[in-house]
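Multiple structures are listed underneath, in structure tokens.
Look for subunit A in each of the two complexes below; its partner is subunit B in the first and subunit C in the second.
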Partner chain A sequence: MKQLVAFPQLGNYFNPIRKLITNTTHLKVIEMPKITKETIALGSKNSPDTVCVPFKYNIGNFIEALNKGATVLFQAGGGCRYRYYAEVQETILKDLGYNFTMYQIGEKDHVKFNDLYKIMLKLNPYLTRKKLIKEILNTLLYIYYLDKLDIYIRKRVGFEKNKNSFKKIKDDFIEKANKENSIIKLTRLYQKAKKELRKVKIDKPKEPLKVGIIGELYTSMEPFSNYELEKLLASFNIEIKRFTNLSYLLWQKKLMEWYMKLKIKKYCKYTLGADGLDNVYRVRWLKKHKYDGIIHIKPTGCTPEIGAMPIIMNIAKDLNMPIIFLSFDEQTGIEGLNTRIEAFYDLLKIKKEEENGSKSRN
Partner chain B sequence: MEASLGIDIGSISTKGVILDNDNNILASTYLWTEGNPIKAVKKVLKDLERQIDKDVKVTSVGTTGSARKLIGTMLGATSIKNEITAHAIGTLSKYPNIKTILEIGGQDSKIILLDNGIVTDYAMNTLCAAGTGSFLSSQAKRLGLNVEDFGKIALTSKNPTNIAARCTVFAESDLVHKIQMGYKRNDIIAGLCYSVASNYLNNVGKGKKIEGPIIFQGGVSKNIGVKKAFEDLLHEDIIVDENGHLMGAIGSAILARKTGIKKEFNFKVKDANFETSGIECKGCPNHCEIIVVKKDDKILDSWGNRCDKGALKVKEQ
Partner chain C sequence: MKIGLPKALLYYYYAPLWKAFFDELNVKYIESSDTTSKTLLLGKEKSIDEACLALKIYLGHIRELKDKCDYILVPRIFSLKKTEQVCTNFNCIYDLVRNTFKDIKILNYNIDVKRHYTEKNAFIKIGKELGFSIIESRNAYKKAKEIEKTYYLQEEKKAKVALKTNKTKILLLGHPYILKDNLIGKSIINYLEKNNISIIYSCQIPRDLIEFNCSKISTKIHFTMNKEEVAAFNYFKDKVDGTIILTAFPCGPDSLANEMIIRKRKKHPTLLLTFEDLTNNTAVITRLESFLDMLKGGIHL
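After this line comes the complex of A and B, so read on.
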């Protein structure tokens, strides 16, 4: 019987990861359905009640995949409770009667090449190191380009004249990049997509409202889990900056850590687990780059972020930076979020008008 | 004479005001929503129409509160705003120097901090109804009292009982325990008022710099016991306005006028037949719940779908 591979959904990253797995193991990856209410309903039903919500989304994804016939599951891990996800989820799913093999990548907080090679060798005994290195580089580049496009889009999507014009270009890029195996051609695709993005007509004022999104990584990266917060902000004509993406988590974070620690040593001396320290640093960064406000998001009960929140409150107060804290869980009512974001928007807008007014008066 | 109408439809009560262009209240009303916002608004309109003179022309309409979108659609409102902004604007119209607004309503509580007439920070309770009006009224029922009498009884206590303020569930079991232990009734009631106030300050007001002048609003502000508890805990005088419950409605009327859009409002709307229905879109496994509002069998508006497929579904209906 041929093996079928599956892994949890996370934004658009399904595509590069699938490419890596199919190119190295020649196994089929299940076309995962997008996360829906059904996914989270399945997840919450089969998870411990108090666990953080990404765990429930992952379980929901796995069950949907197993029902489609998956036999090999991949899970990552590291940083916080995430480290235990694979083990606990494997037990839960086995207890439900599913038959599969689970592989965890990066259980010791960072991915070692040799560990990854050993896992992939189990799935494809003929895989050479050279081939794996090539495919990893290819995937990392794909992820990097995707993130770059996203960063570009986030700055402008709130002002596009024709709805979905940015999304179309990105979807087009993903579709073509999935088929492309050479690094040079992938780069060309990226450059072409970027050129097209520049051509999209936007109606952007000189000084738009700018908001930074900080917080926990899963709720930042998976739009369903934050009720499409970025889309909501874009509908208010706000320029968005989001820090967390896979490029950041995979290599940039490690390079920046000493620098971030140095810059905020007044506020914290130690790392706080997961992205706690990073988020404290980001408040300072956003203030320095003249952003108007900050939205901090996390799943209910996210320990590293709860530890970071009082520090974030302090630094935000010292820098006079408006900030709101949002917690996401499995409930799907969106009205509460709308009210809070709308009020935050009013706050930022009036504050900005007042500041500009007093500037022109002086 | 031109006037503007503001309606605040909360989970428990519905408030409506008609203001002239100098923010004088021409008419006001306050009644229970009773789980039927459309019916409640029709009643509000009837009551308001009765109070105003014939020559008053309502030219702008604003809605706020949790049913603002539904009612805004129904009335063709020019401004549909969240309750935080509406409360801030409404309060500032009467108290331009106010620095802190404490608000405790039926289901939610919020704090709004202002500086020079600008909202600088706010917070709303999340996930939990602890320390809101519904907690007080359910405890009143347990003690066999009217919640309206709570405040007066609380003031007679010299030694309020200490009741856990962390969470409604703990507070409730603590309360039952203290009753059975034989604590005096008025002490227990005063203790409850303190627990609402300190719960609010620990949760919603956490980490916020609360400065005077402070105003206390929302349904619970009518309870003098809670007001006194706040004064003792914050060591500041607290203003409770007689129209405190109307501030959201006043704010939304002002916001509607400020939009500059003028559209004459006809009170006959209250006689039209409004119907709402929820459709579950079967386009994908997400099953978005789409709300459709119909006026005399014609679709006014719909919302709740996350993609374009849902919109088509509504048209088919």
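After this line comes the complex of A and C, so read on.
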């Protein structure tokens, strides 16, 4: 019997990662259902109380996958306690009586090609290095294109004339790209999708409200965990800028770090752990590019962000930048969020109108 | 010139080394007084709500020291071993303090073994900042390191003495800055001592046995400070009657490491106590009482 593979959900990135695994190991990846309230209920029931929400989501995902018959699980690692997720989750799931093997990518806070190759070799003994390199490049390019499209869409989705016209094009791109194995054809697909995106009719005012989303990586990348905050903002006709995406985390972050440190020398001398430093820098970036407000999101109890928050408050105060802090946990009530975002929107609007008024008077 | 040592967080790991180093260089230093509920209140005003209890207490201590000395020692630690890390609070603590209190002078050093900033270089750097030559501060560091070593040997001996008694033995597991803190750990230690129980601390494990004992419970854990606790649990588990784990409320590393310990304890009696901004200890004492009753064999009806 062939083994079934599963890994935690993270927005749209299910597709590129599935492509990598199926092409290299020839194993079937379980088609995961979207995260629902049941997933998080399952997760929080089986995980420790004080742990952060991504852990609970991941456990919920894994249990759902294991119930469908998965035998191989993948988990990654990062700069905070995320790096220790894999082993704890493995023990919890084994205690529940499931039978599986778990592989962790990026066990030592960085991904080495040889480590990845060794893991993949366990699943497919006939895999060559050349093939793996080709597939990794292919996947990285896929992720990069997906992020590029997302950035383009986020700027305009609040002003589209026909609803879901952007989403259709993106879904179409994903569906076609899943089948495409060559790098050149993938690039062509991307260019075609971008052309189509340009044709979508939008109704954008000259100076729309612009808001930047900063914060922890999981809550900003997985739409369910932030109660589809981006959709909510789009319904208010706001232009959105979100920094964290997979291509940023995989390679852009390392290249940017020295530059970010240089620019916010006044506030940070050292890195703050995980994405702390990046978020402090982003406040400055958003001010420089004339954004109107910032939304900082994080799961409850996220240690690196808690450490960075006083510094973010400080820099936002010095730069006179409106900022709202949102903390998400396993409760899924959406009304509280709606009220706060609405109030924030009103404040931004009033502030903008006042600024414009004073300008025209002068 | 006076240097202030806030009595929280890293003080409980590095106090012998710091004190010996400054003594050797003839630099005066003062420590902040023991933690009280007033210290916590002072810290709470300056920190955000979600910050962990130990961090709030730390900020309280700094606020208390602020006007009493010229420099306050706030080290920053990223990694103590090449493949390991520490809690991210220690990564950001220097910048956090600098941004919260704008008018204080900070004496700072950075340990990041992964990027080749070693402890020795860090101490030479603070020696330089205080106006001593490289050779002077290096010699002082060497002597201080020896004093630190003897301090830890004494601690190990204390554990051996505590294990030899005929009394009920309990292992107190947790970060030293929780266990030895006047507000959090002391109330529990006092209660246990009143009940004629010999206490063993998790920080009293022999240094050279940490790596081996830790791997028995968890192989992938990367928090240096939690490694010590996990190892201590495995090392002392068969020698004591019960274990009490103490943590501060939203402690990141502890939330996972303690889960691991509790899942792998088998039938060893374990009690997990989580502390928030506490106002009185009655609830904690009740739970301790029932735990002690359970260790004695329960109340048979």
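By our rule, the second predicted complex is superposed on the first by the 362 of 362 C-alpha atoms of A that agree within 3 Å, B and C clash if a C-alpha of one lies under 4 Å from a C-alpha of the other, contacts with A are read in each partner's own complex, and residues count from 1 in each chain.
Here is the rule we use: a contact is a pair of C-beta atoms (placed from the backbone, for glycine too) under 8 Å apart; a residue touches a chain by one contact, two chains touch by 3 or more.
As the structure is a computational prediction, the values presented were derived from the model and not from experiment.
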Three-chain arrangement built on subunit A, subunit B and subunit C clash or fit:
fit
Specify the partner with more touching residues on subunit A, choosing between subunit B and subunit C.
C
Which partner does A:185 reach: the first (subunit B), the second (subunit C), both, or neither?
neither
With subunit A as the corner point, what is the angle to subunit B and subunit C based on their C-alpha centres after superposing, as a multiple of 10 degrees?
80
Regarding the shared-chain residue A:350, is it in contact with subunit B (first), subunit C (second), both, or neither?
first
Looking at A:26, would you say it contacts subunit B, subunit C, both, or neither? Reply first, second, both or neither.
neither
Partner chain in contact with A:272 - subunit B first, subunit C second, else both or neither:
second
Which holds for A:327: it touches subunit B only (first), subunit C only (second), both, or neither?
both
Looking at the overlay, what does A:310 touch: subunit B (first), subunit C (second), both, or neither?
both
Touching A:50, do we find subunit B (first), subunit C (second), both, or neither?
second
Determine, under the contact definition given at the top, whether A:300 touches first (subunit B), second (subunit C), both, or neither.
both
So, does A:86 touch the first partner subunit B, the second partner subunit C, both, or neither?
second
After superposition on chain A, the shortest CA separation from subunit B to subunit C (Å)
5
Touching subunit B and also subunit C: which subunit A residues?
300, 310, 313, 327
Contact residues on subunit A for subunit C in the complex?
47-52, 55, 79-81, 83-88, 91-92, 95, 104, 107-109, 267-274, 276, 300-301, 303-304, 306-311, 313-314, 327
Within their complex, subunit C touches subunit A through residues 47-48, 50-52, 76, 78, 83, 85, 87-89, 91-96, 98-100, 108, 110, 218-223, 249-260, 263-264, 274
Can you check the complex and tell me which residues of subunit A touch subunit B?
33-34, 36-39, 228, 300, 310, 313, 322, 324, 327, 329, 335-336, 338-340, 342-343, 346-347, 350-351, 354
If we count contacts the way the header does, which residues on subunit B are in touch with subunit A in the complex?
66, 81-85, 116, 118-124, 126-127, 207, 284-287, 306
